[in-house]
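Chain nomenclature is as follows: A, B, C, D, E and F, assigned in order of appearance, with residue numbering initiated at 1 for each chain independently.
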């Protein structure tokens, strides 16, 4: 086979690179968010907010590459699914960046930071999410369906942690009045991490779609028993 | 299946051939030889009624050969041999009792290059009916109008029916050829790269026309333009030929399926432009 | 070199493009252009020398014939006296023979062409017949005369020098030409038209009748008329089958003896005397040429009309 | 109910009869050839039973009607060759150049006038050309070559050249014009002068057509009868090409002219002179056959090379 | 101009219809969510959760139509942007459906419902969102950039309401211990409505893109003054 | 601008022509007439160096005419007249001092139908250099190899250089024609629908080749295949002609811009297949 359509392949590679870069940025943002949370570092939180712009720009860049690719190269089948998947992943990653920003904002708002020491399981959630993110990006590049499905399963752990954490936070808030306001902040932070996990599951679903052309539901959260365990 | 046929087409509707089956053509284990050279191997395919079926594939993979099997046009071209079954409306058309001349009245054909006869537009359209012995002027006129209407050409030529067909543009000529084919009241229309000699605008009109004709006819189109196949057809068959293997069918499915989720690696490579 | 003269003329506006050609360190354009002009000169001379020569000859003939071609000349029989000489019996002889040739050769020629182009499989038999026809077209006409003489006169013992034998001989003579030109005309009908007809469900004969013949007919007619015009000018075969060079009555039927105009011209060209050399013979030639030109004209007319129709 | 697709009985009989009739027409040409060969062979055999075949082909005197009758065909062959050679020398280059001019240089309008005119000229009967040669060309030549005889090869060759130039030009021009325009454009697009395009693209690509036109021209010259009969004199002699003026300016007799001479005389059906007609005819027939064969071989060779 | 490419146009229309339908479903879900909230109607909340499946299915349908359209009709320029926009809008609408579900879940979880009566400005947020949704769908169909930009501006109102509401809720939670747990729920509900507004702004941005090919930021939330006012 | 030219091309690299300009062709107010008939009106366009510029538009809008203006090939075709300026490397090529024969050595052309000479592959490639008077065997061989390499054909034909060029497939013939053009060392290569006679696989190879050649040459391609223009070119010009207006340029921009965000309604309609 001759090396076909150089520029087309080049564009596809550029696309993958942009996604990779987005993944790295988001990962970094999450790392910083956790550090900011643990070390009560407002400067770092500010940095996250400041750097989110890069992620947003990258998303637009990915979208532009995708649209230009579709408009000029008329991809079909696997290539087309790959491009659409990239676009979907980019918007998930952008949302994830936003969540990092939200976490950062809450960190800044937290005046009574000591409470965080009571809640070391929140950073734990974050670490799992980061691991998931790292792996899902490599699964995307390798088009590894198996791996994507495994990663999606890891979300369960995040969900459980979220369940425990929110309970704990509410208890804390009930225990003392001064915990109410920071507790509310932590409720949100906790929830953001849970959402981050969900976003990665969606990415996994898209990877599966990209390879198999099947829209498979990998998130078990929507089942009824779940609804009764969780409030949001 | 209710069809809105032109009036004159209705006459043929009580023929034993119309049996309301889903598939109008059924190809079983088709092998085809030009002299000693095998050109098609073991093709199995059922072509659905009143749908557009596209056949795509690299050059020389036997697309045209396959198409010509449906009206025994290959026989006109030279020494050929066919094994297997080609059934149209459950009748094996290679049975010795089948008259190829009659067969071709049921299975019309439109060619790559527009090939109107150097006669007037009118004479072109009524050529078939005339050859079958129809002499009634009024009836012929009616057929001409109906066919030209169906071929979306009537408005453009109604004022110059008796001008030479060669005065038409390429795209109009091709539509005239389609009208000429329709006038014979076929059930199936075969088209061998009907738009490859035309510019994009004429091509678009032909494609549009095909979609409209699919209400009344079964259309099988050979094209080496994947974009065209994807735009116009309901079903797509991908043919291929390798160095050590002559033409065979790789994949046959709904067009959307072929272009979104082909099952075969070669199909995907071909439609993605990675082949060869 | 001319190219350099540009740069010499104005160093600053050196023409970039004209200098851009010496990629390989070679530039032969000016030499080639010179050769081209020389060549054109030769071509011009060649193209017009022949025509000019012929035109002037024709003018000579025409001038010589002036005063000789008249009603009397066309309606009288030949005579030893230039003033009384006429060409009527030969004119009629030519017309008789050519009409018969047309009647024989048209159906046979077209039929053979149809067989070869539409029916014959591409096998040794077809190749044999085609090679054979190509050879026959190249056989000198005098050999056909021998065939006529040997077969019709010596073998069948028909009376020599009759219209019928003349027509037979000339038919055989022009048949290859008619077949070949008909074949060409039939071949010029695009296959796509045949396929279109077959695709509509017609039998082969229907297809030939309704598509091939109508389209090929102008070409066939052109070729045939030109072949007939050639036959009209044939002399040697007629001499061989014993047609008289001079005769005084027009043929009454196909079994009458006859003479033809070229034969008479041949006879007169030998006649001594200024009146015959520069009077009667040119007059006969002019009459013959008018006849031929008319036939050629018809052929050209058909062709032109056909081409216009095609273009439209 | 009748199936639309099923054959009707006897449906094909009409078709079969029609095709048989056409086949017969085509076969007639084969019969003609066989007829020619048989007639020529039978009579020639007859002739050779009376005249030694060796003497026929080696004899240097041809006097079939004058006693002592001698049937040496060599003078006739030498006459035919001289005439053909001379004609070719004039007609081939001129015809080719003429074709080049018409196809490559002349305007379409000029071509549309000149070409049909040429074709008409090609259709003028050969007797007329003979008359031209005798009555106009020879007196003209006398101005340049005072020693020229009334009947001579040169003037016959000139008029016959004029006669076959249109044929050569026309066929060659067709061949050149059928060289696809795309090839010319390709060459022009590479930055090549017109002369180079003609020399390196047009002429090579149309060579097969040009060569066939040449062969056709030559074979017409060989078979040419009336012009030589009228203008070249009917004096059989062995032409000596070393003496150019004698070869060109004196009368000769070609095979065809000799045949006309016999045909015109009142020899009877069983005299050797009569039968010698067929022997000479056979020789002529074979010569043209060979030329034809060459032409076919050339055509085939080019077709293989370029297709 | 002849009526070009019937099926292609047909497909494009089908696409618009699917989006319209999604819009209607989401609107309905939001209506129900507000009613459930106000009338403390758990059954209705259950219905929302149950019916979300339809929205999810529609999203997949839209995606499939879009991908099939791209694969078989090779759209470019405006058509292509329209298709991509539809896909993006569909995923926003799907997210909005999910938020309706989240609200419903919180409603079910709220044991102490009376608190809702104190917070009638939350349904107000919802009403604005519904109005925005209704209009944005019509702006999409009409490709009305002006309107889209106007709608995006309405989000400011939602944001202000959200700001006030969250303050109020926290005050409530501080005022009495038994308000802590339901308050947390309302914090989330309030936040969901805010998010719904954001989603519509994104839809507006896509409409603008679809017509003008410009990625214009219509959400002013990310500006720095904003970060200091809001916590999440 | 550093170019990786084949060795033999380097000789010419110090020619006064390479001036590192951005635009190699500059068309100003071009009007073009066939006899009395205007075919192009007021075209203004700057064609960038070492890029692929595609010209698209409906049939008869003057695309080919426009292309042929760049090497004065129109003059070969008949009676034509041109107004306005066509500057190549800042030289007005319609200036009387410019020799069209020389111009065409700088502006090569590849045609719609592959048109190899009926000579050997080798003779085809070295035709140009030979005609310029180059006789050195070794040098010719080198040129042939380099050109065939550049045209991505060397590997396929190196063992049969002296076979007839007509024995090649259509796609190979077209690449041979490109090699033949390259061998003349043009700066600009004009291509008039170079792939429209080819099947998709051969087309793909030609497109691939164009992209590669754009490193060394400026390529202007006319195509009636919008997909092709979009795939292959860096810049795209859309031409149009209406009933009352002869060929004019509607829009010229980067290809991506044209296909994602055309400024003109007609352009958008055309590329979306809604035209006509």
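The rule we apply is simple: a residue touches a chain if its C-beta (ideal position, glycine included) is under 8 Å from a C-beta of that chain, and two chains touch if they have at least 3 such contacts.
Just so you know, these numbers come straight off a predicted model, no measurement behind them.
Novice: Which chains make contact with chain C and with chain F at once?
Specialist: Chains touching both chain C and chain F: B, D.
Novice: Using the touch definition from the top, how many steps at minimum link chain A to chain F?
Specialist: 1
Novice: Which chains lie in contact with each of chain C and chain E?
Specialist: Touches both chain C and chain E: B, F.
Novice: What pair of chains is linked by the most C-beta contacts?
Specialist: Contact tally peaks for the chain pair C-D.
Novice: Taking each chain's centre as the mean of its C-alpha atoms, give the chain farthest from chain F.
Specialist: Checked the centroid distances; the maximum from chain F is E.
Novice: Copies chain A and chain E touch; is their interface built from the same residue numbers (over half shared) or different ones?
Specialist: On the two sides of the chain E and chain A interface, the residue numbers are mostly the same, over half being shared.
Novice: Can you compute the centre-to-centre distance for chain B and chain F, using the mean CA position of each chain? Integer Å is fine.
Specialist: So the centre of chain B lies 37 Å away from the centre of chain F.
Novice: With chain centres taken as the means of their Cα atoms, state the distance from chain D to chain F in Å.
Specialist: Taking the mean C-alpha position of each chain, the two centres sit 48 Å apart.
Novice: Averaging over Cα atoms per chain, report the distance between chain D and chain E in Å.
Specialist: 94
Novice: Could you work out how far the Cα centre of chain A sits from that of chain E, in whole Å?
Specialist: 20
Novice: Could you pull out the residues of chain C that touch at least 2 other chains?
Specialist: Within chain C, the residues that touch at least two other chains are 21, 29, 32, 203.
Novice: Which residue numbers or ranges of chain D touch two or more of the other chains?
Specialist: Within chain D, residues 191, 193, 196 contact more than one other chain.
Novice: Which residues of chain B are in contact with two or more other chains?
Specialist: In chain B, 102-103, 105-106, 204-205, 226-227, 230, 259-260, 273, 275-276 touch at least two other chains.
Novice: In their complex, what parts of chain C are in touch with chain B?
Specialist: By the definition above, chain C touches chain B via 190, 192-203, 206, 210-211, 214-215, 309-310, 312.
Novice: What residues of chain B sit close enough to touch chain C in their complex?
Specialist: The touching residues are 71, 73, 76, 101-106, 108-109, 111, 113, 115-119, 127-128, 130-132, 164, 166-167, 177, 180-181, 184.
Novice: For the complex, give me every residue of chain F touching chain E.
Specialist: Touching chain E from chain F are residues 226-227, 230, 259-262, 267-268, 271-276.
Novice: What residues on chain F touch chain C, complex-wise?
Specialist: For chain F paired with chain C, touching residues are 11-12, 15-17, 88-91, 93, 95, 97-99, 101-103, 105-106, 129, 131-134, 139, 184-185, 187.
Novice: Spell out the residues on chain D that touch chain F in their complex, using ranges where they run on.
Specialist: Interface residues on the chain D side: 180, 182-193, 196, 200-201, 204-205, 305-307.
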